[in-house]
Amino acid sequence: MATVDVKISNFEGPLDLLLHLIEKNKYSIFDIPIVEITQQYLAYLDDLCEDDYDKMSDFLLMAAQLISIKAKMLLPKEEEVLEEEGDPRDELVQRLLQYKMYKYASYELKDMEMDAEGAYYKGQSIPAEVKNYKEEVDPAEVIGDLTLVRLKEIFEQIMKREIDRIDPVRSRFGTITREEIKLEDRMIEVREEIKGLKSINFRTLLGRRKGKMNLIVTFLAILELMKTGVLTIRQEGIFEEIIIDSLEG
Amino acid sequence: MADSDKNISAALEAILFAVGEAVEVSRLAEAIEVDKKEILEAFQELNQKYEETSSGIKIVKLDDKLQLCTRNEYYDYLIKLVNIPKKHVLTDVLLETLSIVAYKQPVTRIEIEQIRGVSCQHAVNKLIEYNLITEVGRLDAPGKPILFGTTDDFLRSFGISSMDELPVVSSDKIEDFRRQAMEEASLTIET
Amino acid sequence: MADSDKNISAALEAILFAVGEAVEVSRLAEAIEVDKKEILEAFQELNQKYEETSSGIKIVKLDDKLQLCTRNEYYDYLIKLVNIPKKHVLTDVLLETLSIVAYKQPVTRIEIEQIRGVSCQHAVNKLIEYNLITEVGRLDAPGKPILFGTTDDFLRSFGISSMDELPVVSSDKIEDFRRQAMEEASLTIET
């Protein structure tokens, strides 16, 4: 298998890395060998530097998606179900194509920018004696028929929007958001919380924190801490409680 | 020779256009890397070209300096252009920024950006130009950021005499939004 | 007729030289008291004149505005005399984000993030700061997310006069990618 020779920090994001792997191996974007690609992708993740946690969450999310596609492809399926659901890779292919298209466009832009370089545009340079003719802007005219009630309504809308933005579930339907809770922060928190404890229930760890995002990030944080040997997890059976055992003193 | 002449006068034209003001022949010669004589030849050439093509601009020599300027006969158009009343409208961005300054004043640009989620340098500058907001002080924090507030013209434009007359945004309402958001968020995790 | 034509282009040149900034065709038409069509004809005429006389300046159209600027090849002379603001370096991240805004505008930040697969608050704010993109409205959806579009400075930086001149990146291009990928795939089998 290809050796890992490029640092993860060279990539703009998980799609960039995937495209690199596909092109390097000369795979067809329309028929990605998902097992190989997942394996190589994970190999790159191992190379991730410790201080790249923020960036890493995006890459981990993609890893999870790859594994999920892989699982879907391995599961035996009824003929009808297969027809109904289509190829589990389809969505990924579409995203890769779309990303590739914009990446290509960005190269074109870069060329255009170089070609356009050197033209000098002046700012406003109206001679003072002409400019003095200029009337002052009349604030009342600018305000026009704007009323204070309207201004208040606008302010209320902004405040409502700000609250919406803070709450990821309400503002981002079905989209997995990535920045409200940083993986890095959550890892430190989880580590703090289990410090001194022998083990803790996953549900307890989630505690009073609500939201899908928190659930995901906490889970990712646990996986990451597991990888670095801070803790280990166990589960007696499917749907049983997940118990987290601390490996630190 | 003829070709290199052309380049000198084009370079001269480009420089004088960009600078806008009068520039010493010696400095021009230095920049274009030719001697002063060649600059003066290029000046003659440009002058002739502007004449022949009935250009709207001309090149003038003032002592040892050269400058491009508008031909006098077109000044009337210029004055007319400047005097065409420009339509100043409050775009959504301006309206939002104005409402934040009105209700949160005194407020820094960073605070406005935090509320809106994007930078708003341009909107703040426009509102200052329209004299609806102004600097009212400095925040006692690192970097001493400027604090903005509304102006007297703001009050006059809305026909009020003080900010106390702004319609009250009840904190209850904002609390409502927050509670609503919380409830919906907690509902989702159960699923 | 020919004579009056000439006057329009001279007036146009004089105004644009004096104003410096980009001016709307409609405002120029109003100031020179001709219709917009005649302004556009004068624009073509000036453009041609600058070409034919190997001028150091050129005239450009930015959407519905006209502006004079220097020709690219004289930049090296200019920087010796003119204080030119430092050019912004567009990193790959910024270019990727910018290309998405350019082709998909109006577009929200979330949409950009979905395409790139990573967050891009920082890139969006940098592009706003560089005045290459700007807020153009709000999407009528929960949270009323901001819609972004490109600016006149975008057109200037990339040397185009309207978004129609962006290179076509179409489904055909994807077809190319597909074919390319297929070819590469079939090659791999051989090795």
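Every chain is named by a letter (A, B and C) in the order it is written, and numbering of its residues begins at 1.
Quick note on the criterion: a contact is a pair of C-beta atoms (placed from the backbone, for glycine too) under 8 Å apart; a residue touches a chain by one contact, two chains touch by 3 or more.
Just so you know, these numbers come straight off a predicted model, no measurement behind them.
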Chain centres computed over CA atoms; the one at greatest distance from subunit C is chain A
For which chain is the distance between its Cα centroid and the global protein Cα centroid smallest? C
Give, as an integer number of Å, the spacing between the C-alpha centres of subunit C and subunit A. 30
Geometric centre distance via CA averages, subunit B-subunit A, whole Å: 35
Between subunit B and subunit C, centroid-to-centroid distance (C-alpha), Å: 18
By the touch definition above, subunit C meets two or more other chains at residues 18-20, 68, 70-71, 74, 78, 82
Touching at least 2 other chains, the residues of subunit A are 120, 122, 125-127, 130, 164-165, 170
Seen from subunit C, its contact residues with subunit B in the complex are 6-7, 9-15, 17-20, 23, 27-28, 30-32, 49, 53-57, 68, 70-71, 74, 77-78, 80-82, 124-125, 128-129, 131, 134-135, 137-138, 146
Which residues of subunit B touch subunit A in the complex? 14, 17-18, 20, 70, 75, 78-79, 82-83, 85, 88-90, 95-96, 98-100, 102-103, 115-117, 129-132, 151, 153-154, 156-158, 160, 165-169, 173-174, 177-178, 181-182, 184-186, 188-189
Residue ranges of subunit A in contact with subunit B within the complex: 120, 122, 125-127, 130-131, 133-137, 139-144, 146-149, 151-152, 154-156, 158-160, 162-170, 210-212, 215
State the interface residues of subunit A toward subunit C in the complex, per the touch definition above. 12-16, 22-23, 25-31, 55, 58, 62, 95, 97-106, 108-110, 112-113, 115-127, 130, 157, 161, 164-165, 170-173, 175, 178-179
